[in-house]
Amino acid sequence: MATAHSRSAARIMIAPAVFVLLVWMLVPLCMTLYFSFADYRPMRGVFEPWIGFDNYARFLTSSSFLSSLFTTLWMVGSILAITITGGVTMALLLDKPMFGQGIVRILVIAPFFVMPTVSALVWKNMFFNVDNGLFSYGYKFFGLEPFDFLSQAPLFSIIIIVAWQWLPFATLILLTAVQSLDSEQLEASEMDGAPAWSRFRFIILPHLSRAITVVILIQTIFLLSIFAEIFVTTNGAFGTRTLTYLVYQRVLESQNIGLGSAGGIVAVILANIIAIFLMRIVGKNLDS
Amino acid sequence: QDQVTTLTIATVNNGDMIRMQGLTADFTDKNPDIALEWVTLEENVLRQNVTTDISTGGGAYDVMTIGTYEVPIWGNNDWLVSLNDGMADDWDAGDLLPAIAGGLTVDGNLYAAPFYGESSMVMYRTDLMEKAGLEMPDAPTWTFIREAAAAMTDRDNEINGICARGKAGWGENMAFLTAMSNSFGARWFDEDWNAQFDTQPWADTLDFYLGMMNESGPNGAANNGFNENLTLFQQGKCGMWIDATVAASFVTGADSTVADSVGFALAPDNGLGPRGNWLWAWSLAIPKSSEKQDAAKKFVSWATSKSYTELVAANEGWANVPPGTRTSLYENQEYLDAAPFAAMTLQSINSADPTNPTVDPVPYTGVQFVAIPEFAGIANQVGQQFSDALAGNQTAAQALAAAQELTVEEIEAAGY
Amino acid sequence: MARAITPQKKIMWTALAWTFGLMMFFPILWTFLTSFKSEATAIADPPVWLFFDWTLENYIDVQARSNYPKALMNSIIIAVGSTVLGIMIAVPAAWAMAFVPGKNTKDILLWMLSTKMLPAVGVLYPLVLLAKWLGVMDSRILLIVVLMLINLPIIVWMLYTYFKEIPGEILEAARMDGAGLKSEILYVLTPMALPGIASTVLLNIILAWNEAFWTILLTTVDAAPLTAFIASFSAPEGLFYAKLSAASMLAIAPILIMGWFSQKQLVRGLTFGAVK
Amino acid sequence: MGQISLNQVTKSFGDNQVIPPLDLDINEGEFVVFVGPSGCGKSTLLRLIAGLEDTTSGHISIDGTDATTLPPSKRGLAMVFQSYALYPHMTVRKNIAFPMRMAGLDEATQKAKIDAAAAALNLTDYLDRKPGQLSGGQRQRVAIGRAIVREPSAFLFDEPLSNLDAALRVGMRLEIMELHAKLKTTMVYVTHDQVEAMTMADKIVVLQAGVIEQVGSPLELYHTPRNKFVAGFIGSPKMNLIEGTEAAKHDATTIGIRPEHLTVSKTEGLWKGRVGVAEHLGSDTFIHVHDTGLMEMMTVRITGDIAAKHGDTIYLTPLADQMHRFDAAGLRIT
Amino acid sequence: MGQISLNQVTKSFGDNQVIPPLDLDINEGEFVVFVGPSGCGKSTLLRLIAGLEDTTSGHISIDGTDATTLPPSKRGLAMVFQSYALYPHMTVRKNIAFPMRMAGLDEATQKAKIDAAAAALNLTDYLDRKPGQLSGGQRQRVAIGRAIVREPSAFLFDEPLSNLDAALRVGMRLEIMELHAKLKTTMVYVTHDQVEAMTMADKIVVLQAGVIEQVGSPLELYHTPRNKFVAGFIGSPKMNLIEGTEAAKHDATTIGIRPEHLTVSKTEGLWKGRVGVAEHLGSDTFIHVHDTGLMEMMTVRITGDIAAKHGDTIYLTPLADQMHRFDAAGLRIT
């Protein structure tokens, strides 16, 4: 495969992609890095190019940093947990023989196509709203006091919304994985005397592990940057402020570009730590 | 023919603005050389877009809809075009309500033309008040409001004595609470820019607010902003509602189920002098980065003129004209007849004093805000703390402590 | 060798799956129904399901208030444009990674993915300043490029996993048959990977369609897509559920329908080589 | 232990009857091989025995008790699949232990049995590898190991060697035969490979379209095929089947003569032909003979070498006592 | 046209030298087969000739001109891959036309050549199908068709039949041989199949670890293997290789005797042993003989049947003139 000719061709072929991504990564990132050491507050007309690590110190020591970090991890973790357990269940269910499998699949996949803004608006107003939301009617129907999701269980509510959007993704990937399981393996385990639960635990679940890591990787990439759902529902109130959202507040609400840039750099570093960690797992899985 | 100049106008998606969009034809008929492009966005998104635009040197918009908070700051930064001259001849600057115009003027330059102005007041259900055996004074006290709210509350019939903003945000609950705190003698900063959330007046304000809302407020009040409360009131689920004066036309309008039994009163006080009412105007400003300032001035003149008011009146009735900007409107008998809330609105607006908002002297201007660039960021976060307290997730003391801490942090970061 | 299954079991699975399916779909269904109600019916207590006066009024109102066709056009151009541009850059890169792997191919791939973790808002100012400097604010081309860059890592990765499944022998056969690099990619690789390319395209159209941060911040009038359109419909003075629903349906319907029609392709593409 | 009877068993998939009523007895300790063309129902029959498919009608009994409705895990049989069906995420040790773990055996017993099986199958060095790191033959052995530890009353094999390359196939074939010699457990073995069937079986079952064409020992089938189908199916290269006048001379519709039962001469013989391709293997030579006027192409096998070139004229003479005769219905005439 | 020379060619992958310096001449019109154990470098060698890999050092010339650095498309060779490597999205016609399209031939010429190739390969009825709708043998033929139309100076085949089933393999083998007879183009053919090598080759090249062990005609290799490796590699079942005193008796370190060159008796003979597994194929019987004291297991091949049972005592006698002798270095002693 690899002749000198094809190798040099490969270098030329890969160059545009690497180049644009490098530019995309480096130019704004360098500017952000530059701003992060500056006192840059356009609203005050302040621009002082070098103030050392003040912004970093301020960002990292601010009372909101740790809580937002924790919120981020908790949110991403819970959504992953829900989508993966839900996805595995749905995948197994959809794999069963049934009538109208195609239609069910279409129903399940639909939330994936919905714009985050739209789904946040719909959930917030038409489901979670304590006066006019459907859930409240449900509570009232059973004679209960309506529950105010967005203030009483804000994180949970956002998790529900996002999980709803990403569950189809997990389901689809896992469904394909389930379908790729060699049926002879299941039959072999059946001959070996394994009951249904053991078959799931010892055969199906390990078989899905690769697909699960891929789901985790892709979703984490997208979940770390959740924004619209928080912006629309709670605006960061009730402890739903993630790191991304905190940076947003610094940049756009407080108009402190220097501080926000420092926050952005911190977020990049943290995201990459998570990324490297995930890539290790996935990279290993990609090899096998 | 001549080249057509296209103006890009950023507006907030509220009713008056959308109505203006509908009347565009009137302007373009008169100015065939100008075309209008509307960018209509939800308030938060709008602010995010126009702020980014103006602070990065802008140029995307020729006319921006901004509030009383932004105008002085942006004017100070020399980002806005002064409207002292170049406006249409019949655009009568002297006719603007002094309180409103004052808030839009920096160093003698008027930097934005008010599209509509508002203060806040008490809207209440006359029928429920009667049922409770009480009578609303024209200028109630907070104590009265709290008692009346308790008396009107009838949870079985989904009637809450008091509706007020609880949703986090500097333009949501913090507008209400800051205005309210003024009447309790609280302030954001002392004259040396020290945050004041650790003082007794703030504790009193928050305790009172939480107490009243818990007794008589709606379930889920911590998520209720202007829109949510409006719906509640229109559905007949509120005994009283303290909010912007512009709401008056909606609660007495066609969408309201209780339009016939709405009364109005001044925002409450606490016997210390200031009332808990604010002052706000959605205004049209022209950024310096616009290359079409002349055309933009023509448009702003049209949109904030008396004749525009008449145009709306002719099309939609007097009750729907944008209120709170011109003295002449409140001298117009037709309007006063159509708008039972007119007098109370005018009185509310006139009684707000942005330069001396509270009992003690302050280094800033603004009634329900502090006119410094950092305010929005700080108040959003403080608002989250208070909203969290209203939701019952923390105590008033905790919320105040957190508010104090983060305000100190931010104000230090800002270099005060 | 699926084993025969009893009808009772099949009915049970059917019932269970449909229950779950409808639960997942319900929010969309409810939005759809609400969009045809009057505002009063929309918040009626108890909720009204099917038997109400269906009305198109909300759609007409929404239509009157904003330029839906223009936003739709922009969404289509931006989503398709960024995807096509991305594919054009990604195909050669994926070819190189899949068929001429070097020692650091995997590192390059993972590095590309990690650029996707850049929090958007962190680079907001730099990007806006750059766009201003280049004079491309509020242009479709800016959004096409930005969204392409955001999604490029995903495109490359997906294509890479697809290409890897194509036996290298076929490309060698083409070489033996006298094909140059261009012919090899154009006549052999691309058509063979067409299902994979199609699903990559679909997924990226969806991602680009739904991107709501940059598309709002970098546009005003000319390039504003449906995400900006929907941003003008949340809660103006009162909770207009019916109008909100109508606007929501307008914003998601095109992509939803496209997604449904291309469901099979998409499912294949979504697997990212997760399944061998 | 290990006696299996099928009594009027049928199997349909939907409307498609794959197995018409079928009777078959497999005796204890026997090595039974199912052969037949692709799609004839070999796998289906094996899976019916295993319990992986339900019978449509009829009864299956194992060791005298009715097993028709027993689930696979309760039948006491072990199966080795064509794809090995190893659990890819478990080590060899875990794979072999799996059935015992399911049965709840204690660790010590498990270990002892694993070690014994590994020793028997030459797997001791690989116990801690995953299946992905093993060669085809080793994987096959693991699959057998997993079957052995259960001490089943019979082993079922579905084309267990067809994924291996030729050399390995020979080796594994011997190993399975030796295993059978040692364990003396009943084995039911599906294959489409001539050589496997002939060399391994005590009893071959030839199937066609779900119907048993003949049951018998390999040499029985070789020497006295019951019909044309079996005659053509067993033996490689294929038996030459001749119809027409030449067959009529022997009072038959068809006569059959195996390639190894033809003698060759350059000068004289019964039938005359022209050499087509001659394949010299050193030990043997296969000659494809054309233009005999009897059938399109006749195959001859000669031990050792012969100097036959493309186009040469050649004479063939059948060994008379090795000729097979079939009637119009294709049945053997004895 | 079709003369290929390799001159001191080496190939390393990283530090791993897969082909040590190697010389080889392939004459015009020859059918050359590369055989050798898996991983010995057969494919690598073929791909070096094709230009799909760069040589690490040395020169390759085709028809007298240096082709060492030419890209594959410029060498005028055609290759048929093990996996057929058909373009699945093109019809058979387009597949066959592809190389001509690349060469920019006009439509009419293309059509004529396609028709000719299709006729020659019996593909006329399938020209408008896609490869997915063809059987294995048909696909193989399309791959060959695609190679033919280029009128290459040589064909390269890399295990072209190994994905086919046994019956088809035989058929395709014959077709390729006939093709060679017709076209008389040089063919270089890689296989690991004994029978293919023996039957098809004009010249067999036996490789081990990248080194050429012997080059010669099939029967040369069968009768006079140059060393122990070739002796063991060519012929099936394998030659029995005996060391020790018995070999010393013949003044050799090792003696070799093929299974078919042993005569068997129940009563007397040179060597005595015990019957292990006996494989009865009907036409032949392979007996595995243990406990001869000469080597672990000796294989004997008998034409026809013999009544040998597991455990019987048996006597073997080698045909003296068929014995091979090797010295300590493993080289043939003549």
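In order of appearance the chains are A, B, C, D and E, and numbering begins at 1 in each one.
The definition used in the following text is that a residue touches a chain if its C-beta (ideal position, glycine included) is under 8 Å from a C-beta of that chain, and two chains touch if they have at least 3 such contacts.
Here the structure is a predicted model, which is why all the values come from computation and not from measurement.
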Copies chain D and chain E - rotation angle from C-alpha fit, nearest 5 degrees: 175
Longest centre-to-centre distance from chain D, chain (CA-based): B
Chain pair showing more contacts of the two, A-D and A-C: A-C
CA centroid of chain A to CA centroid of chain D, Å: 55
Centroid spacing, where centroids are CA-atom means, of chain A and chain C in whole angstrom: 16
Between chain A and chain B, centroid-to-centroid distance (C-alpha), Å: 37
Computed distance of Cα centres, chain C from chain B, in Å: 39
Set of chain B residues in contact with two or more other chains: 48, 52, 56, 228, 231, 235
Per-residue overlap in chain E, given as positions that touch at least 2 other chains: 52, 71
Chain A: positions in contact with at least two other chains: 1-2, 129, 132, 184, 187, 252
Residue numbers on chain A that touch chain C, as the complex places them: 1-2, 6-7, 9-14, 16-18, 20-21, 24-25, 27-29, 31-32, 35, 90, 93-94, 96-101, 103-119, 121-123, 125-127, 129, 132, 134, 137, 140-141, 164, 167-169, 172-173, 175-177, 180, 183-184, 187, 210-211, 213-215, 217-218, 221, 224-225, 227-228, 232, 243-244, 247-248, 251-252, 257, 260-261, 263-265, 267-268, 271-272, 274-276, 279, 283, 286
Residues of chain C that touch chain B when the two form their complex: 39, 43, 64-66, 124-125, 128-129, 132, 137-138, 216-217, 220-221, 224, 228, 231-239
Complex contacts: residues of chain E adjacent to chain A: 51-54, 71
Chain C partner contacts - residues on chain B that touch it in the complex: 8, 10, 12-15, 18, 21-22, 37-42, 45, 48-49, 52-53, 56-57, 59-61, 226-228, 230-231, 234-235, 250, 255
Chain B contact footprint on chain A (complex, rising order): 39, 41-46, 58, 62-64, 129-132, 145-146, 148, 150-152, 231, 234-239, 241, 249-250, 252-256, 259
